[in-house]
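Okay, got some structures for you below.
Two complexes come next, and they have one chain in common, chain A, joined by chain B in the first and chain C in the second.
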Partner chain A sequence: MNGFFAPARRTALHRANPALKLTLFVGLFILTMLTHTIDASFYLACVFLLLLFAASGYPLWKTALLVSGFALAFASASLTMILFGKGSEIWWTFGPIAISKESFYRGLHLGFRSIAFGCQGLLFVLTTTSTGLFYALMQRFKLGPKYAYSFMASIRLLPMTVEELRVRRDALAVRGGGGFTPFGALLRLPERYALPLLAQSIRRAQRTAAAMEVKRFDARSRRTYYYSSPVTAADAAAWLLLAAAAAAAFWLAGTLPVFGLGDMRTGL
Partner chain B sequence: MGTKIAQAAGRRKGLTLTDVLVTVVLSLVLGVVYHVWAAVSDVAGLLFVQSNELVYGMWFAASTLAFLLIRKPGVALIAEIAAAHLEIAFGSAYGVQLLLYSVVQGLAAELVFAGFRYKNGSAWVAGLAGVAAAAASLLADIYYGYVAEYATWVIVLKYSLRAISSFVIAGYLMYGLAKLLERAGVAQSLRPVERKEYDALDR
Partner chain C sequence: MRWIAETKRPKPEEAAGSALSGPSVAEAVGEASEIRRIEATAAAESALHAGEEAKRLEVPAETGERRQPKLHVRTAEPAERTTHDAAAEVAGLRLKFPGVPDLLFRDLSLSIRQGEKVLLLGPSGCGKSTLLQVLGGVIPRVTEVPLKADRLKVPDSAGMVFQDPDTQFCMPYVDEELAFVLENLAVPREDMRARIEAALLEVGLHLPDIHMPIGSLSQGMKQRLALASVLLLEPDTLLLDEPSALLDPEGRRAIWAAVRRVSEQRTVIVVEHRIDEVLDWMDRVIVFRGDGSVLADGPAAEVFRLYRAELREYGIWYPGAWEDALAVGRGDAARPEAAGAPELPAGAAASAASCPASAAPHGTSENAAVSEKPHPANRASKQPPVARGAFSEPLLRLENFRVLRGGRAVCAVDRAAVMPGDLIALTGPNGAGKSSLLLGLMGLLPRQGECRFGTDDPAGRREERQAAAKHAAFVFQNPEFQFVTDRVLDEVAFTLRGEAAAAAQAGEDSGRRGAAARLLARWSPREKRRRARLAAQAEPEIARRAADCLARFGLGGYEDRHPYLLSLGQKRRLSVASSVVTNKPLLLLDEPTFGQDARNAFAMLRLCDELRAAGHAILMITHEPEIAELLATQVWQIEDGRLKSASPTGRSRSDGIRLREEATAR
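Our next item is the complex of A and B:
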């Protein structure tokens, strides 16, 4: 990967154990998914957006660039519900579209939730390396080494596949690939791209795996690890930070409600 | 000598590192296809309401293709997780939730293959596994996206299109691709070796 995803500074979230951090973020995901009031989802989105800027360790402009994608996520999460959701207090209808008060606020709620999910997910991804995560999963959660090393090796094999795709596309362009009609060309796509790329990748994976088995990458008992993955004070700090952020969001929703509406699933 | 070979056969019955690595690499190649497919899905979405569901079955393709090639318990689940892991590895904001979705969907596909005791690799069973994954995604959507609160006709349209697309793409299309790979000669070395093939060596 290029240097874009290299953090400028390391925060407590970077230093925390990746495996424990994963459970923290899965917990946050479940907490957010069980949030059914629009005030709580609004403040969760706000608080985790702030935390993302503060604790991801990336320059402001990079984070802003990544966050800009959430506008689309907000729209795609909320629009279908706003236009086609159930509701009794109808504001506007046009053909099959019926916008009601309930569906409108439910749609906004889903949009806020998707921003909260996105911020949490981005915060995890930006502070974790793939290698660190798998070493931590092996040492802390006893994930089988054959799984961990397979996942790590596959990431290294991927650029070769992308390179092959490029070579194949260029070769077909030179030789004049494709059918006589656009539709015929589309039908032959699996044969022209999927088959050779998959076949090559499978063969390469088999060869790599044979070498890894000989070197006992899959041995479970009495093994040592190149990177140690301890539990440190940074884990407590990460736990406190995330718990405080979630608590702040629910406290704000209780004391400073913006919408003041009830459970989003059962009408308002 | 015969018992020794039989022991070797028994030991290699579970998932080996080779099985896992091939499954993961296979899913990552499909993960690259998924990135292209997101654009296809956007274009398909312009046809009519919820028409992007017409191509939705591709998201379940990794698990059925992996099972059709390797035919061992567990590969369908690993394949789904591996495809989602690609998103985490390349910094997608929705990586964590895709991971949880993939576990639910992979388990559903796995259950169908287990229901046929991992013996049946027909296009029909693969299609059924795709439909099961689609049903699991509906369950996840009810919690995640409140889809139960959509107008009834939208729910029916959305999920019947998704089920059909899963049956065709994850079932028949992946079956065809697996057959092509068999003809190319890569599938034979992936299959678990049957006991009678070892017995044939003793004779």
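Our next item is the complex of A and C:
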């Protein structure tokens, strides 16, 4: 798992300060959320998809593999709106399903926006390490070390829990059904997995906490940081890159409209 | 000095408990973590005072009792005398965990000199680890436990290494973890790297790159990393809480070598069950009784000479524990099954391994008669072929067998067979494929080649798994993962009910033709009623068999407990009990003695040896060389994903039980 998520090359986005990058991406999310024309959302989706391939630093096939999931996001976001949305210009009906012009374009608009969201989120995740993010948040935004280190410790514990889930599945397979009907066994499933995994996780978390405090971890005292979190030229580059991408999308929507429709909230 | 720790309600435990609508999780977690918090301050206070009352009344009796023991090499330091060079000191310590009626210590007084190397020994649950945490300042600073002491002096700076290698780190990489300590000490960033590298060298960890994932280190290396991280605190006292209990022999040697190297100028206090590696450099050994009082305190050699019997009783792995545990031929020869058995494996009976028929013991003929004709009604349950020696039909035969993980062969066996009466030790380095082999045998991993249980030759993944489940039982390393009910008796009954249901199903299905007809019949109300009636009839018999089985495994009297509330040794025995109750001939175990004290380990091994002598076959992953040398009938050496050799050890399959009975466990 670690091997898969190691970037092949580092771009300006990797080098940028994660805390500042986080604010940039939050800005992008808000911008995407406030986009109400289908041309703009279409170009936002396209531009950030391209940027994801170009700047994530991962080989093409890996990025394509991760992006393939967006097809599902697109379908789920747009289909409901397309099939069941309200509209005056009906194209096709079948029982409760009514596809109108409005619902069709609104559906597509939603789909494009969900792809844009997905690309922005993935771009952030793929270019940021959790350790780097928490160190930056502690140093730039004064996030309490208590929270930062507990998050980092819990990320370390996750793979162990996944491994235990596998062991528990095998152990249950060895124990067999115990005379329960398949349905009865299904009802007990959550309890069967939750009990040992929770018990083990709580114990582990407690031991880890004790070990951390024995190493004189104290949330109140002054501390130094192994990783510095400077603001560098890479931050300016990242800011320019993202701003240019967003501006390009809106400029393209204005000059090369594909759909040529107005605000999606009021009629078309 | 007198103080009582602030108390809080236990938050995580509580959350888990309410989420699952039952007290079991909270209790289970509390029990196992051994660090408990009290419900309310008032309760704690009253408990401590109650203890004080009791003390006042008991004073004469207690002092009398304290003088009585055979010999005190040195009595505990009197509280009045303060030694100036004491690294750590407690006087009149008493401490109480919630939910436990008694105080853990009753006015314990102890003083440890600067630079002294001290080993704390005692039965599990006697409070050694708790005392270590008190001396290290963990209790009550980090873990809040109500405690009272006339005087308590903890070292100015102490470093503590715990037992579990996986839960001592909070960062994903080696350098980040060590830097975490330096950050806590507010060391400037520029100085960090040099100090990290120096600490790694000090504990003998030569890593190609210090930015290395901790997950890629072996367990032994992780413990040395934990030691390195506490060394960065520049402690004058090192406290070690069973640092080698969860390591294989090689890791054990390495961690102790590292500790020894760094301990020259420091005070070292060790709690450990396995003392071979520490014994020769300890200045002082303190032995505790089960109730937390001091039994002996003095130089190592003297304590070992005088208190050997107690050490055995407390389950300590002292040098020579194995010799003492072996019963055969040591004034025990009168035992029937031991008669005629070879004294030690080096001797005779080497031929017996290749030709089991020649070594047939008495009383096998009727068993053999049952097992040699496996007629259909018999095969499903009751009497699987559990007979010893007399017939040469292997319980398990492997040919060109391969276990796959992600499409790649992780363990390959060209040819091997397991006969009744075998106890096979699977040995080899970590990651060689031992566990994968067992999982493959159970059909839990995909496999290729021939794997024949008795006469069954299943085809298809589902059938393979069913055949394996019918003939073999598998005991995982962490027994908790195998528990499926919340009562000890039900745990065993679960297996029996499953067997009864499978038998009923088989009998019923054989009468009908199509799959659809079977399915319809299964869901018809009449059929449901019939099955419920059958199940109700079988229930008293199941309860009786389950209770018998528990008694046999030393778990009688625990029928109504929650399995999570048993001790580690009892949990292991319960998971074996629930596996073998249906008399499956083959038992697979993943490191059954791992992390156990000597008493529980020998109890488990004796259990295996008993089953083996009764005609079962045992396949056991182990890192203990003694098991392979002294108990196994065959040693399978696995290296680089391949069974390198399967060699008989010279112990005959018809050999009697080798381990002493009295080594029963708690």
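Following the convention adopted for this analysis, the second predicted complex is superposed on the first by the 259 of 268 C-alpha atoms of A that agree within 3 Å, B and C clash if a C-alpha of one lies under 4 Å from a C-alpha of the other, contacts with A are read in each partner's own complex, and residues count from 1 in each chain.
By our rule, a residue touches a chain if its C-beta (ideal position, glycine included) is under 8 Å from a C-beta of that chain, and two chains touch if they have at least 3 such contacts.
Just so we're clear, the structure is a prediction, and the values are computed from it rather than from any experiment.
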item: First, second, both or neither for A:Ala8, with chain B first and chain C second; value: neither
item: Touched partner set for A:Phe70, first chain B, second chain C, both or neither; value: first
item: Partner chain in contact with A:Arg223 - chain B first, chain C second, else both or neither; value: second
item: Contacts of A:Val167 with chain B and chain C, given as first, second, both or neither; value: second
item: First (chain B), second (chain C), both or neither touched by A:Met212; value: both
item: First (chain B), second (chain C), both or neither touched by A:Val26; value: first
item: Partner chain in contact with A:Ala247 - chain B first, chain C second, else both or neither; value: neither
item: First, second, both or neither for A:Leu198, with chain B first and chain C second; value: both
item: Chain B versus chain C as contact partner of A:Arg156, first or second or both or neither; value: second
item: Those residues of chain A which chain B touches in one complex and chain C touches in the other; value: 149, 153, 155, 191, 194-195, 198-199, 202-206, 208, 210, 212-213, 217-218
item: Complex contact set, residues of chain A against chain B; value: 1, 5, 22, 25-26, 29, 33, 66, 69-70, 73, 77, 80-81, 84-86, 96, 98, 103, 106, 110, 117-122, 124-126, 130, 146-147, 149-151, 153-155, 157-158, 161-162, 165, 190-191, 194-195, 197-199, 201-206, 208-210, 212-213, 217-218, 264-265
item: Chain C to chain A touching residues, read off their complex; value: 12-13, 16, 19-20, 24-25, 28-29, 32-33, 35, 136, 138, 141-143, 159-160, 162, 164, 166-173, 175-176, 179-189, 192, 213-215, 226, 229-230, 233, 439, 442, 444, 465, 469, 473-474, 476, 478, 480-484, 494-495, 497-498, 500-502, 535, 564, 578
item: Chain A contact footprint on chain B (complex, rising order); value: 15-18, 20-26, 28-29, 32-33, 49-50, 69, 78, 82, 85-86, 88-97, 100, 143-146, 148-151, 153-154, 173, 176-177, 180-181, 184, 186, 189-190
item: Footprint of chain C on chain A - complex, ascending; value: 2, 131, 149, 152-153, 155-156, 159-160, 164, 167-168, 170-179, 191-192, 194-196, 198-200, 202-208, 210-218, 221-226, 228
